[in-house]
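Below is the structure I would like to discuss, written out as C-alpha coordinates.
Chain naming follows the written order as A, B, C and D, and within any one chain the residues start at number 1.
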Amino acid sequence: MSEPRLSVRVQVEDFDPGALQDSLLAGAAGEGAVATFTGYVRRSNEGENIASMRLEHYPGMTEKSIAGIMAEAAGRWPLLAAAVVHRVGLLVPGERIVWVGVSSAHREAAFSACEFVMDYLKTSAPFWKKEVGPGGERWVSARASDDARAGRW
Amino acid sequence: MSEPRLSVRVQVEDFDPGALQDSLLAGAAGEGAVATFTGYVRRSNEGENIASMRLEHYPGMTEKSIAGIMAEAAGRWPLLAAAVVHRVGLLVPGERIVWVGVSSAHREAAFSACEFVMDYLKTSAPFWKKEVGPGGERWVSARASDDARAGRW
Amino acid sequence: MIEVLFFAQVRERLDCASLTVALPESGLDLDALQAQLIAEHGADWGDVLGQDNIIRAVNQTVAQGNPALRDGDEVAFYPPVTGG
Amino acid sequence: MIEVLFFAQVRERLDCASLTVALPESGLDLDALQAQLIAEHGADWGDVLGQDNIIRAVNQTVAQGNPALRDGDEVAFYPPVTGG
(Lines give C-alpha, C1' and ligand atoms only; values in the text may rest on other atoms or scores of the structure.)
Protein backbone atom coordinates (compact mmCIF):
# COMPACT_ATOMS: atom_id res chain seq x y z
CA MET A 1 0.00 0.00 0.00
CA SER A 2 1.30 3.45 -0.90
CA GLU A 3 1.69 6.16 1.72
CA PRO A 4 -1.55 7.88 2.59
CA ARG A 5 -1.92 11.47 1.40
CA LEU A 6 -2.11 13.76 4.45
CA SER A 7 -2.97 17.45 4.43
CA VAL A 8 -3.35 20.20 7.05
CA ARG A 9 -4.69 23.70 6.53
CA VAL A 10 -5.17 26.47 9.09
CA GLN A 11 -7.07 29.37 7.56
CA VAL A 12 -9.30 32.36 8.26
CA GLU A 13 -11.61 31.61 5.33
CA ASP A 14 -14.66 29.36 5.44
CA PHE A 15 -14.47 25.99 3.67
CA ASP A 16 -16.80 23.75 1.64
CA PRO A 17 -17.19 20.22 3.08
CA GLY A 18 -18.34 18.78 -0.26
CA ALA A 19 -15.35 20.20 -2.13
CA LEU A 20 -13.01 19.00 0.62
CA GLN A 21 -14.39 15.47 0.32
CA ASP A 22 -13.81 15.61 -3.45
CA SER A 23 -10.22 16.77 -2.88
CA LEU A 24 -9.67 13.98 -0.38
CA LEU A 25 -10.43 11.48 -3.13
CA ALA A 26 -8.60 13.32 -5.91
CA GLY A 27 -6.18 11.11 -7.79
CA ALA A 28 -7.50 7.98 -6.13
CA ALA A 29 -11.25 8.03 -6.68
CA GLY A 30 -13.60 6.53 -4.14
CA GLU A 31 -12.52 3.24 -2.61
CA GLY A 32 -14.52 1.89 0.23
CA ALA A 33 -15.18 4.55 2.79
CA VAL A 34 -14.95 8.21 3.71
CA ALA A 35 -15.77 9.42 7.21
CA THR A 36 -15.94 13.15 7.88
CA PHE A 37 -16.55 15.43 10.81
CA THR A 38 -17.55 19.08 10.64
CA GLY A 39 -17.56 21.22 13.78
CA TYR A 40 -19.71 24.37 14.04
CA VAL A 41 -19.52 27.28 16.46
CA ARG A 42 -22.09 26.66 19.18
CA ARG A 43 -24.93 29.09 19.72
CA SER A 44 -24.67 28.84 23.49
CA ASN A 45 -22.29 27.44 26.06
CA GLU A 46 -23.14 26.74 29.69
CA GLY A 47 -26.43 28.60 29.17
CA GLU A 48 -24.96 31.87 27.89
CA ASN A 49 -25.56 33.02 24.34
CA ILE A 50 -22.46 33.46 22.23
CA ALA A 51 -22.32 36.51 19.99
CA SER A 52 -19.06 35.56 18.33
CA MET A 53 -15.82 33.74 18.95
CA ARG A 54 -12.18 34.46 18.35
CA LEU A 55 -9.81 31.61 17.67
CA GLU A 56 -6.13 32.02 18.38
CA HIS A 57 -3.47 29.47 17.50
CA TYR A 58 0.29 28.93 17.60
CA PRO A 59 1.37 29.30 13.95
CA GLY A 60 3.83 26.61 12.99
CA MET A 61 3.21 24.35 15.95
CA THR A 62 -0.45 24.01 14.96
CA GLU A 63 0.36 22.59 11.54
CA LYS A 64 3.23 20.49 12.91
CA SER A 65 1.21 18.94 15.74
CA ILE A 66 -1.78 18.16 13.48
CA ALA A 67 0.51 16.57 10.90
CA GLY A 68 1.94 14.47 13.72
CA ILE A 69 -1.52 13.39 14.84
CA MET A 70 -2.46 12.38 11.31
CA ALA A 71 0.77 10.43 10.84
CA GLU A 72 0.03 8.59 14.08
CA ALA A 73 -3.48 7.78 12.82
CA ALA A 74 -1.99 6.51 9.54
CA GLY A 75 0.26 4.21 11.55
CA ARG A 76 -2.66 2.75 13.47
CA TRP A 77 -5.18 2.32 10.66
CA PRO A 78 -4.87 1.54 6.92
CA LEU A 79 -5.69 4.97 5.49
CA LEU A 80 -5.73 6.16 1.89
CA ALA A 81 -5.92 9.88 2.70
CA ALA A 82 -6.68 12.23 5.56
CA ALA A 83 -7.16 15.99 5.73
CA VAL A 84 -7.76 18.59 8.42
CA VAL A 85 -8.95 22.16 7.91
CA HIS A 86 -9.18 24.37 11.00
CA ARG A 87 -10.27 27.98 10.95
CA VAL A 88 -8.86 30.78 13.10
CA GLY A 89 -9.87 34.40 13.65
CA LEU A 90 -13.35 35.75 14.26
CA LEU A 91 -16.26 33.33 13.88
CA VAL A 92 -19.98 33.71 14.53
CA PRO A 93 -22.37 31.03 15.87
CA GLY A 94 -23.37 28.46 13.29
CA GLU A 95 -20.20 28.91 11.23
CA ARG A 96 -18.02 25.95 10.34
CA ILE A 97 -14.86 25.81 12.41
CA VAL A 98 -13.16 22.47 11.72
CA TRP A 99 -13.32 19.66 9.17
CA VAL A 100 -11.66 16.26 9.35
CA GLY A 101 -11.96 13.78 6.49
CA VAL A 102 -10.50 10.28 6.28
CA SER A 103 -10.55 7.86 3.37
CA SER A 104 -9.88 4.15 3.76
CA ALA A 105 -10.81 0.86 2.12
CA HIS A 106 -12.37 -0.09 5.48
CA ARG A 107 -15.15 1.82 7.17
CA GLU A 108 -14.00 0.94 10.69
CA ALA A 109 -10.60 2.49 9.94
CA ALA A 110 -12.20 5.62 8.45
CA PHE A 111 -14.47 6.14 11.46
CA SER A 112 -11.82 5.38 14.07
CA ALA A 113 -9.14 7.56 12.51
CA CYS A 114 -11.55 10.47 12.03
CA GLU A 115 -12.65 10.33 15.66
CA PHE A 116 -9.06 9.87 16.84
CA VAL A 117 -7.90 12.99 14.99
CA MET A 118 -10.85 15.01 16.31
CA ASP A 119 -10.15 13.92 19.89
CA TYR A 120 -6.56 15.06 19.58
CA LEU A 121 -7.52 18.34 17.92
CA LYS A 122 -9.64 19.00 21.00
CA THR A 123 -6.96 18.06 23.52
CA SER A 124 -3.54 18.68 21.99
CA ALA A 125 -3.49 21.06 19.04
CA PRO A 126 -2.60 24.62 20.14
CA PHE A 127 -5.88 26.44 19.51
CA TRP A 128 -7.69 28.66 22.02
CA LYS A 129 -11.25 29.89 21.81
CA LYS A 130 -12.42 33.17 23.30
CA GLU A 131 -16.15 33.67 23.44
CA VAL A 132 -17.60 37.15 23.03
CA GLY A 133 -21.11 37.32 24.56
CA PRO A 134 -23.48 39.81 26.17
CA GLY A 135 -21.57 39.39 29.45
CA GLY A 136 -18.22 40.26 27.87
CA GLU A 137 -15.33 38.15 26.69
CA ARG A 138 -14.14 34.96 28.24
CA TRP A 139 -11.70 32.23 27.35
CA VAL A 140 -13.33 28.84 26.90
CA SER A 141 -12.28 26.37 29.60
CA ALA A 142 -10.75 23.07 28.58
CA ARG A 143 -13.18 20.22 29.16
CA ALA A 144 -11.98 17.34 31.31
CA SER A 145 -14.25 15.03 29.29
CA ASP A 146 -12.21 15.78 26.16
CA ASP A 147 -9.04 14.70 27.89
CA ALA A 148 -10.76 11.53 29.06
CA ARG A 149 -11.84 10.76 25.49
CA ALA A 150 -8.36 11.30 24.09
CA GLY A 151 -6.87 9.16 26.84
CA ARG A 152 -8.83 6.10 25.79
CA TRP A 153 -6.90 5.63 22.52
CA MET B 1 -35.28 19.23 22.91
CA SER B 2 -37.47 18.97 19.80
CA GLU B 3 -37.71 15.72 17.88
CA PRO B 4 -34.76 15.13 15.55
CA ARG B 5 -35.48 15.40 11.84
CA LEU B 6 -34.96 11.98 10.23
CA SER B 7 -34.92 11.23 6.52
CA VAL B 8 -34.43 8.12 4.34
CA ARG B 9 -34.03 7.98 0.58
CA VAL B 10 -33.49 4.95 -1.64
CA GLN B 11 -32.70 6.03 -5.17
CA VAL B 12 -31.05 5.07 -8.45
CA GLU B 13 -29.49 8.51 -8.94
CA ASP B 14 -26.12 9.62 -7.60
CA PHE B 15 -26.06 12.11 -4.71
CA ASP B 16 -23.93 15.08 -3.62
CA PRO B 17 -22.45 14.73 -0.09
CA GLY B 18 -21.95 18.48 0.29
CA ALA B 19 -25.56 19.26 -0.66
CA LEU B 20 -26.79 16.49 1.66
CA GLN B 21 -24.84 17.97 4.56
CA ASP B 22 -26.41 21.37 3.83
CA SER B 23 -29.88 19.79 3.81
CA LEU B 24 -29.16 18.03 7.08
CA LEU B 25 -28.63 21.44 8.69
CA ALA B 26 -31.49 23.22 6.88
CA GLY B 27 -33.81 25.02 9.24
CA ALA B 28 -31.47 24.54 12.17
CA ALA B 29 -28.12 25.85 11.05
CA GLY B 30 -24.92 24.33 12.33
CA GLU B 31 -24.85 23.51 16.02
CA GLY B 32 -21.94 21.58 17.33
CA ALA B 33 -21.19 18.62 15.17
CA VAL B 34 -21.91 16.75 11.95
CA ALA B 35 -20.48 13.30 11.29
CA THR B 36 -20.91 11.76 7.86
CA PHE B 37 -20.05 8.53 6.14
CA THR B 38 -19.90 7.94 2.40
CA GLY B 39 -19.51 4.44 1.00
CA TYR B 40 -18.06 3.83 -2.47
CA VAL B 41 -18.20 0.76 -4.70
CA ARG B 42 -14.95 -1.13 -4.24
CA ARG B 43 -12.64 -1.69 -7.17
CA SER B 44 -11.85 -5.23 -6.11
CA ASN B 45 -13.12 -7.79 -3.66
CA GLU B 46 -11.20 -10.85 -2.51
CA GLY B 47 -8.64 -10.16 -5.23
CA GLU B 48 -11.04 -10.08 -8.18
CA ASN B 49 -11.63 -6.89 -10.14
CA ILE B 50 -15.20 -5.66 -10.18
CA ALA B 51 -16.53 -4.34 -13.46
CA SER B 52 -19.86 -3.22 -12.03
CA MET B 53 -22.36 -4.03 -9.32
CA ARG B 54 -26.10 -4.40 -9.19
CA LEU B 55 -27.92 -3.50 -5.99
CA GLU B 56 -31.28 -5.05 -5.26
CA HIS B 57 -33.50 -4.12 -2.33
CA TYR B 58 -36.91 -4.83 -0.82
CA PRO B 59 -38.96 -1.73 -1.59
CA GLY B 60 -40.98 -0.62 1.38
CA MET B 61 -39.15 -2.70 3.96
CA THR B 62 -35.90 -0.93 3.11
CA GLU B 63 -37.26 2.50 3.99
CA LYS B 64 -39.17 1.16 7.01
CA SER B 65 -36.20 -0.70 8.49
CA ILE B 66 -33.82 2.25 7.98
CA ALA B 67 -36.32 4.63 9.57
CA GLY B 68 -36.50 2.21 12.51
CA ILE B 69 -32.71 2.14 12.82
CA MET B 70 -32.55 5.94 12.84
CA ALA B 71 -35.32 6.21 15.42
CA GLU B 72 -33.38 3.79 17.61
CA ALA B 73 -30.25 5.91 17.21
CA ALA B 74 -32.25 9.03 18.12
CA GLY B 75 -33.36 7.26 21.29
CA ARG B 76 -29.81 6.43 22.28
CA TRP B 77 -28.07 9.71 21.47
CA PRO B 78 -29.19 13.36 21.53
CA LEU B 79 -29.50 14.00 17.80
CA LEU B 80 -30.65 17.09 15.95
CA ALA B 81 -31.04 15.41 12.56
CA ALA B 82 -30.05 12.26 10.70
CA ALA B 83 -30.33 11.24 7.06
CA VAL B 84 -29.60 8.16 4.99
CA VAL B 85 -29.36 7.96 1.21
CA HIS B 86 -28.77 4.54 -0.33
CA ARG B 87 -28.52 3.86 -4.04
CA VAL B 88 -29.86 0.81 -5.87
CA GLY B 89 -29.51 -0.43 -9.43
CA LEU B 90 -26.35 -0.63 -11.52
CA LEU B 91 -23.19 0.97 -10.06
CA VAL B 92 -19.60 1.02 -11.28
CA PRO B 93 -16.46 0.94 -9.10
CA GLY B 94 -15.64 4.25 -7.45
CA GLU B 95 -19.27 5.43 -7.47
CA ARG B 96 -20.96 6.58 -4.27
CA ILE B 97 -23.35 3.99 -2.90
CA VAL B 98 -24.44 5.15 0.57
CA TRP B 99 -24.38 8.32 2.66
CA VAL B 100 -25.19 8.69 6.34
CA GLY B 101 -25.16 12.09 8.04
CA VAL B 102 -25.86 12.87 11.68
CA SER B 103 -26.08 16.26 13.37
CA SER B 104 -25.85 16.72 17.14
CA ALA B 105 -24.71 19.29 19.66
CA HIS B 106 -22.16 16.69 20.83
CA ARG B 107 -19.49 15.19 18.63
CA GLU B 108 -19.47 11.85 20.48
CA ALA B 109 -23.19 11.47 19.75
CA ALA B 110 -22.73 12.38 16.08
CA PHE B 111 -19.90 9.88 15.58
CA SER B 112 -21.56 7.07 17.52
CA ALA B 113 -24.96 7.42 15.85
CA CYS B 114 -23.40 7.62 12.38
CA GLU B 115 -21.38 4.46 12.95
CA PHE B 116 -24.37 2.72 14.56
CA VAL B 117 -26.59 3.43 11.56
CA MET B 118 -23.88 2.27 9.14
CA ASP B 119 -23.37 -0.97 11.06
CA TYR B 120 -27.06 -1.72 10.88
CA LEU B 121 -27.26 -0.81 7.19
CA LYS B 122 -24.60 -3.44 6.63
CA THR B 123 -26.27 -6.13 8.74
CA SER B 124 -30.03 -5.54 8.74
CA ALA B 125 -31.35 -3.38 5.92
CA PRO B 126 -32.61 -5.54 3.01
CA PHE B 127 -30.07 -4.73 0.30
CA TRP B 128 -28.16 -7.28 -1.76
CA LYS B 129 -25.11 -6.68 -3.90
CA LYS B 130 -24.30 -8.67 -7.00
CA GLU B 131 -20.86 -8.17 -8.45
CA VAL B 132 -20.31 -8.38 -12.19
CA GLY B 133 -16.65 -9.12 -12.97
CA PRO B 134 -14.50 -10.79 -15.64
CA GLY B 135 -15.34 -14.18 -14.08
CA GLY B 136 -19.09 -13.63 -14.30
CA GLU B 137 -21.69 -12.56 -11.80
CA ARG B 138 -21.75 -13.44 -8.16
CA TRP B 139 -23.70 -12.41 -5.13
CA VAL B 140 -21.58 -10.77 -2.44
CA SER B 141 -21.35 -12.89 0.70
CA ALA B 142 -22.39 -11.40 4.03
CA ARG B 143 -19.36 -10.72 6.20
CA ALA B 144 -19.33 -12.26 9.66
CA SER B 145 -17.25 -9.27 10.83
CA ASP B 146 -20.17 -6.95 10.02
CA ASP B 147 -22.48 -8.96 12.24
CA ALA B 148 -19.89 -8.88 15.01
CA ARG B 149 -19.66 -5.09 14.74
CA ALA B 150 -23.42 -4.64 14.85
CA GLY B 151 -23.67 -6.98 17.82
CA ARG B 152 -21.46 -4.79 19.99
CA TRP B 153 -24.05 -2.00 20.29
CA MET C 1 -54.61 -14.20 0.65
CA ILE C 2 -51.00 -13.96 1.70
CA GLU C 3 -48.44 -12.32 -0.57
CA VAL C 4 -45.09 -14.12 -0.55
CA LEU C 5 -41.93 -12.38 -1.85
CA PHE C 6 -38.46 -13.73 -2.61
CA PHE C 7 -35.28 -11.68 -3.02
CA ALA C 8 -31.74 -11.98 -4.37
CA GLN C 9 -30.28 -15.53 -4.43
CA VAL C 10 -33.53 -16.93 -3.09
CA ARG C 11 -35.51 -15.37 -5.94
CA GLU C 12 -32.98 -16.53 -8.54
CA ARG C 13 -32.74 -20.10 -7.27
CA LEU C 14 -36.53 -20.46 -7.03
CA ASP C 15 -36.96 -18.57 -10.31
CA CYS C 16 -39.84 -16.80 -8.62
CA ALA C 17 -40.19 -13.23 -7.33
CA SER C 18 -43.62 -13.50 -5.72
CA LEU C 19 -46.70 -15.66 -5.41
CA THR C 20 -49.91 -15.68 -3.42
CA VAL C 21 -51.14 -18.32 -1.00
CA ALA C 22 -54.73 -18.71 0.14
CA LEU C 23 -55.20 -18.61 3.90
CA PRO C 24 -57.05 -21.82 4.95
CA GLU C 25 -60.01 -21.71 7.36
CA SER C 26 -57.85 -23.53 9.89
CA GLY C 27 -55.25 -20.70 9.82
CA LEU C 28 -51.56 -20.79 8.96
CA ASP C 29 -48.39 -19.92 10.78
CA LEU C 30 -45.04 -19.02 9.21
CA ASP C 31 -43.50 -22.50 9.61
CA ALA C 32 -46.62 -24.07 8.07
CA LEU C 33 -46.51 -21.65 5.13
CA GLN C 34 -42.86 -22.50 4.53
CA ALA C 35 -43.60 -26.27 4.70
CA GLN C 36 -46.52 -25.83 2.32
CA LEU C 37 -44.38 -23.98 -0.24
CA ILE C 38 -41.80 -26.77 -0.13
CA ALA C 39 -44.45 -29.50 -0.36
CA GLU C 40 -46.03 -27.85 -3.39
CA HIS C 41 -42.81 -27.06 -5.27
CA GLY C 42 -40.47 -29.94 -4.43
CA ALA C 43 -36.97 -30.62 -3.17
CA ASP C 44 -35.31 -27.65 -4.90
CA TRP C 45 -37.47 -25.29 -2.91
CA GLY C 46 -36.70 -27.30 0.21
CA ASP C 47 -32.97 -26.79 -0.39
CA VAL C 48 -33.36 -23.02 -0.73
CA LEU C 49 -36.02 -22.21 1.85
CA GLY C 50 -34.55 -24.72 4.32
CA GLN C 51 -31.16 -23.00 4.55
CA ASP C 52 -30.04 -22.15 8.06
CA ASN C 53 -29.34 -18.51 7.31
CA ILE C 54 -32.55 -17.68 5.45
CA ILE C 55 -34.32 -14.61 6.81
CA ARG C 56 -38.12 -14.43 7.09
CA ALA C 57 -40.00 -11.15 7.31
CA VAL C 58 -43.70 -10.60 7.97
CA ASN C 59 -45.15 -7.25 6.98
CA GLN C 60 -41.65 -5.85 6.39
CA THR C 61 -40.32 -6.72 9.83
CA VAL C 62 -37.95 -9.62 10.46
CA ALA C 63 -39.96 -12.45 12.06
CA GLN C 64 -39.10 -13.69 15.51
CA GLY C 65 -40.14 -17.30 16.16
CA ASN C 66 -43.16 -18.63 14.28
CA PRO C 67 -45.93 -16.01 14.14
CA ALA C 68 -49.49 -16.80 13.05
CA LEU C 69 -50.34 -15.24 9.69
CA ARG C 70 -53.41 -13.15 8.94
CA ASP C 71 -55.24 -12.40 5.75
CA GLY C 72 -53.41 -9.68 3.81
CA ASP C 73 -50.02 -10.34 5.39
CA GLU C 74 -46.88 -9.86 3.30
CA VAL C 75 -44.24 -12.53 3.87
CA ALA C 76 -40.68 -12.39 2.49
CA PHE C 77 -37.84 -14.92 2.34
CA TYR C 78 -34.37 -13.62 1.67
CA PRO C 79 -30.65 -14.34 2.20
CA PRO C 80 -28.33 -12.42 4.56
CA VAL C 81 -28.15 -8.78 3.50
CA THR C 82 -25.07 -7.12 1.97
CA GLY C 83 -25.87 -3.42 1.66
CA GLY C 84 -24.03 -0.34 2.89
CA MET D 1 19.29 33.64 22.05
CA ILE D 2 16.13 31.84 23.00
CA GLU D 3 12.79 33.03 21.65
CA VAL D 4 10.00 32.78 24.25
CA LEU D 5 6.33 32.91 23.18
CA PHE D 6 3.13 33.25 25.22
CA PHE D 7 -0.40 32.45 24.04
CA ALA D 8 -4.03 33.08 24.99
CA GLN D 9 -4.70 33.76 28.70
CA VAL D 10 -0.99 33.53 29.43
CA ARG D 11 -0.19 36.21 26.87
CA GLU D 12 -3.02 38.44 28.12
CA ARG D 13 -2.17 38.11 31.80
CA LEU D 14 1.53 38.77 31.18
CA ASP D 15 0.71 41.47 28.62
CA CYS D 16 3.49 40.00 26.55
CA ALA D 17 3.41 37.94 23.34
CA SER D 18 7.11 37.20 23.02
CA LEU D 19 10.55 38.09 24.31
CA THR D 20 14.10 36.87 23.89
CA VAL D 21 16.45 35.54 26.52
CA ALA D 22 20.21 35.30 26.18
CA LEU D 23 21.60 31.83 26.71
CA PRO D 24 24.27 32.05 29.47
CA GLU D 25 27.68 30.36 29.08
CA SER D 26 26.67 27.99 31.86
CA GLY D 27 23.64 26.80 29.87
CA LEU D 28 19.97 26.88 30.75
CA ASP D 29 17.27 24.27 31.13
CA LEU D 30 13.53 24.82 30.83
CA ASP D 31 12.90 25.04 34.60
CA ALA D 32 15.75 27.54 34.95
CA LEU D 33 14.38 29.65 32.10
CA GLN D 34 10.97 29.69 33.76
CA ALA D 35 12.49 30.66 37.14
CA GLN D 36 14.53 33.39 35.50
CA LEU D 37 11.45 34.89 33.80
CA ILE D 38 9.61 34.98 37.14
CA ALA D 39 12.62 36.44 38.96
CA GLU D 40 12.98 39.22 36.39
CA HIS D 41 9.29 40.12 36.12
CA GLY D 42 7.91 39.58 39.60
CA ALA D 43 5.08 37.86 41.44
CA ASP D 44 2.44 38.38 38.71
CA TRP D 45 4.52 36.32 36.32
CA GLY D 46 5.00 33.74 39.03
CA ASP D 47 1.24 33.40 39.43
CA VAL D 48 0.73 32.85 35.69
CA LEU D 49 3.76 30.74 34.75
CA GLY D 50 3.54 28.77 37.98
CA GLN D 51 0.04 27.41 37.31
CA ASP D 52 -0.26 23.63 37.51
CA ASN D 53 -1.87 23.25 34.11
CA ILE D 54 0.49 25.46 32.11
CA ILE D 55 1.89 23.74 29.02
CA ARG D 56 5.49 24.21 27.92
CA ALA D 57 6.65 23.55 24.37
CA VAL D 58 10.19 23.54 23.00
CA ASN D 59 10.61 23.92 19.26
CA GLN D 60 6.88 23.40 18.75
CA THR D 61 6.72 20.11 20.60
CA VAL D 62 5.23 19.76 24.09
CA ALA D 63 8.14 19.40 26.52
CA GLN D 64 8.50 16.27 28.63
CA GLY D 65 10.39 16.82 31.89
CA ASN D 66 13.01 19.55 31.98
CA PRO D 67 15.04 19.58 28.76
CA ALA D 68 18.26 21.55 28.34
CA LEU D 69 17.86 24.49 25.97
CA ARG D 70 20.13 25.29 23.04
CA ASP D 71 20.85 28.49 21.21
CA GLY D 72 18.07 29.24 18.72
CA ASP D 73 15.42 27.22 20.56
CA GLU D 74 11.83 28.43 20.53
CA VAL D 75 10.03 28.02 23.86
CA ALA D 76 6.30 28.56 24.39
CA PHE D 77 4.10 28.77 27.48
CA TYR D 78 0.35 28.33 27.03
CA PRO D 79 -2.84 27.27 28.81
CA PRO D 80 -4.80 24.06 28.08
CA VAL D 81 -6.03 24.06 24.48
CA THR D 82 -9.66 24.46 23.42
CA GLY D 83 -9.75 23.97 19.66
CA GLY D 84 -11.79 21.65 17.48
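Please note the rule applied: a residue touches a chain if its C-beta (ideal position, glycine included) is under 8 Å from a C-beta of that chain, and two chains touch if they have at least 3 such contacts.
None of these values were measured; they are calculated from a predicted model.
With centres defined by CA atoms alone, the chain at the far end from subunit B is D. As a whole-number value, the distance joining the C-alpha centres of subunit B and subunit D reads 49 Å. One finds 27 Å separating the Cα centroids of subunit A and subunit D. Taking each chain's centre as the mean of its C-alpha atoms, subunit C lies 73 Å from subunit D.
Shared contact sites, meaning residues of subunit D that touch two or more other chains, fall at 84. Those residues of subunit A in touch with two or more other chains are numbered 39, 107, 118.
Under the contact rule defined at the top, the touching pairs of chains are A-B, A-D, B-C. The touching residues of subunit A, when paired with subunit B in their complex, are 16-19, 21, 29-43, 94-96, 105, 107-108, 110-111, 114-115, 118, 149.
Residues 5, 7-9, 53, 57, 60-62, 76, 78-84 of subunit D are the ones that touch subunit A when the two sit in their complex.
Against subunit D, in their complex, subunit A makes its touches with residues 39, 55-58, 60-61, 64-65, 86, 97-98, 118, 121-130, 139-143, 146.
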